Amino acid sequence: MNFPRLRGWFEERYDFTDVRDLARKKRVPVHGRELWYYTGGIVLFLFIIQVLTGIALAFYYVPYFEEAHKSVIEIVTKLNMGWFFRSLHHWVAQMAIFVLFIHVFATLLLKSYRKPRELLWVSGFFLLGISIFFGLSGYFLPWDERAFAAVRVATGGAGNLPLIGTWVKAFLRGGIDVTGETLVRFYAFHVCLLPLLTLVILGCHLFLVQYHGMSVPLSYKGKNLEEVPFFPNVLLRDLMIWLVVLGVAVTLATLLPPEIAKKADPLAPAPEGVKPEWYFLFLFQTLKLFPGTLLGMNGETIAIVLISLAILFFFLLPFFDRRSREGERSPLFTAIGVVYLIYFVVMTLVGYLT
Amino acid sequence: MKRILSLLGALLLTPASLLAAEHPDLMPSSPYDRSLIYLNLAFFWTALIILIALIRLKLREIERVQAMDAGQEHEKIPTLE
Amino acid sequence: MKIDYSLITRRTFLNALLGGWLASFAFASLYALYRFAFPTLGKEPDFVVLNAKDFLDIPPNSTKPFPWGGKVGLIFKRADRQVVALKGVCTHMECNIVYKPEKERFYCPCHKGWFDQFGRNVEGPPPKPLEFFEYRVEDGKLIVHRKGVKVELPKA
């Protein structure tokens, strides 16, 4: 696949030496922790699948609250392989967020956020928020009673944020209550605003990865590590892993197509045992820990303030971790990272099992 | 692939599943359709595994060549442009 | 006959095999997506069933539209009270036509095409005459069908 004349046409007009140098010289270190390097690429691959299946679904989904539920049922029952692509879109979303959390905690514990890669952590944090919002907005689109209750609770919870809560709640809901307006708004978030934001921020994130190269954990500092060229070695390894991931996604989509609950009724009571999606469970379990009033103040507000502070600290971690910045081992922050991880896992499990 | 698609075309003419608003079929439910779907899944996995095997072959070949240092391009060698 | 040299290098063979398989795999997967994204094109029906009274009692020299798949059909009662059924779609670029009773002609506003009351294209760009259907009345129902299509209604 050489096409020398075509290449010549471009090379007479554009200078590709920089790109070609990057392609030739980009190398990836080999060490015991290198498997974690692949998590980011897996998230990217799953995201691309979401874009493709999402675009195809958007050809048929109707974001008007009277028609939305019916349009999803039509996709699932009437279209060629509609059930499959909707199921795939659902499962790839679950997997993407799952692997994303793995990626986040891996970079946290391997301290990839340390100097000079702080902006990777910052952009990554925004991408995490965007992905979770993708999940929430997408979950709402079938306008079924489970999703309706979940969005009511989620936007209501956001309303309890100090200072900005009412504003955030109104912006998300498109009004005071969750209505058809909320559906249209969430659709605009899901197919327009969030994809564009992702494009920009992910572009920066990926560029920074190329610029900085792969971070090597501190335990290998000073060791002369073997390096493997990215093109084609690591790319082929990436491809193999992505294909396995695709296989898992397709299998889950085929064997376990997701439910479509009853059409949402804003006047009906919330259905029994409704729970938010699994990636929100840790937040809601935390809220449950706090009593109604604590020290004379609203328990829920205190809980939300504490959660916000914890998330803010998580966000600013690279700037607090001075020892990593200087390239030294930082066991305190490793411990903090482990605490975050264990808390997240335990709270999610507790929320899931109760 | 074509068989399952033509069968889904036949499914288009059965609106009954649409009217069963309380519990829509999440995937084609007749045993024939289901077996076609699982068969297709098996074909998919076979193709996938063969693809991964071929990629591993290619990767091993590349590593073999790289180990020989034969794939390196020595920048100092002058080339005829 | 054994040859001393290989006709193809190991590299070319491997590249072709891998590239070919990868391309087919990607193509098959994307083809499935394409089949999903491509709309199910509505075929025109073979026949439609209408309420006879609504359509046969229209005043002479007038038309009444009815749905024919996604397109429009017209029941046309001529001045001599003869009733015909036709597809109300211009043969030029498929715009909907309208009957002008004062001229006793069908008019297509898109490119100013004219058809006479027998459907012949008499003026303007339309290249072909209008398509006519056949119909019969059965149990108060008007069954409009394409020429040559045999319609057997199930006895309810």
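Going in written order, the chains are labelled A, B and C, and every chain counts its residues from 1.
Quick note on the criterion: contacts are C-beta pairs under 8 Å (C-beta built on N, C-alpha and C of every residue); 3 or more make two chains touch, one makes a residue touch a chain.
If you're wondering where the values come from, they're calculated on a predicted model, not measured in any experiment.
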* Among the chain pairs here, which one is joined by the most contacts? -> A-B
* Structure fact -> Taking each chain's centre as the mean of its CA atoms, the one lying farthest from the centre of chain B is chain C
* Counting in whole Å, what is the centre-to-centre distance of chain A and chain B, each centre being its mean C-alpha position? -> 25
* To do: Measure off the straight-line distance from the CA centroid of chain A to the CA centroid of chain C, and report it in whole Å.
  => 46
* Rounded to the nearest whole Å, what is the centre-to-centre distance of chain B and chain C, using the mean of the C-alpha atoms as each centre? -> 36
* Sequence positions of chain C contacting 2 or more other chains -> 15, 32, 35, 40
* Asked: By residue number and range, which residues of chain A touch two or more other chains?
  -> 78, 80-81, 84
* Structure fact -> For chain B, residue numbers touching 2 or more other chains are 5, 12, 48, 51, 55, 58
* Structure fact -> chain B partner, complex, touching residues on chain A are 24, 73-74, 76-78, 80-81, 83-84, 87, 229, 232-233, 236-237, 239-240, 243-244, 246-247, 250-251, 254-255, 257-260, 262-263
* To do: Spell out the part of chain B that touches chain A in their complex, as residue ranges.
  => 4-5, 8-9, 11-12, 17-18, 21-22, 24-28, 37-38, 41, 44-45, 48, 51-52, 55-56, 58-59, 62-63, 66, 73
* Structure fact -> Interface with chain C, chain B side, in the complex: residues 1, 5, 12, 47-48, 50-51, 54-55, 57-58, 61
* Asked: Can you name the residues of chain C that touch chain B in the complex?
  -> 10-11, 14-15, 17-18, 21-22, 24-25, 28, 31-32, 35, 40
* Which bits of chain C are touching chain A when the two form their complex? -> 15, 19, 32-33, 35-40
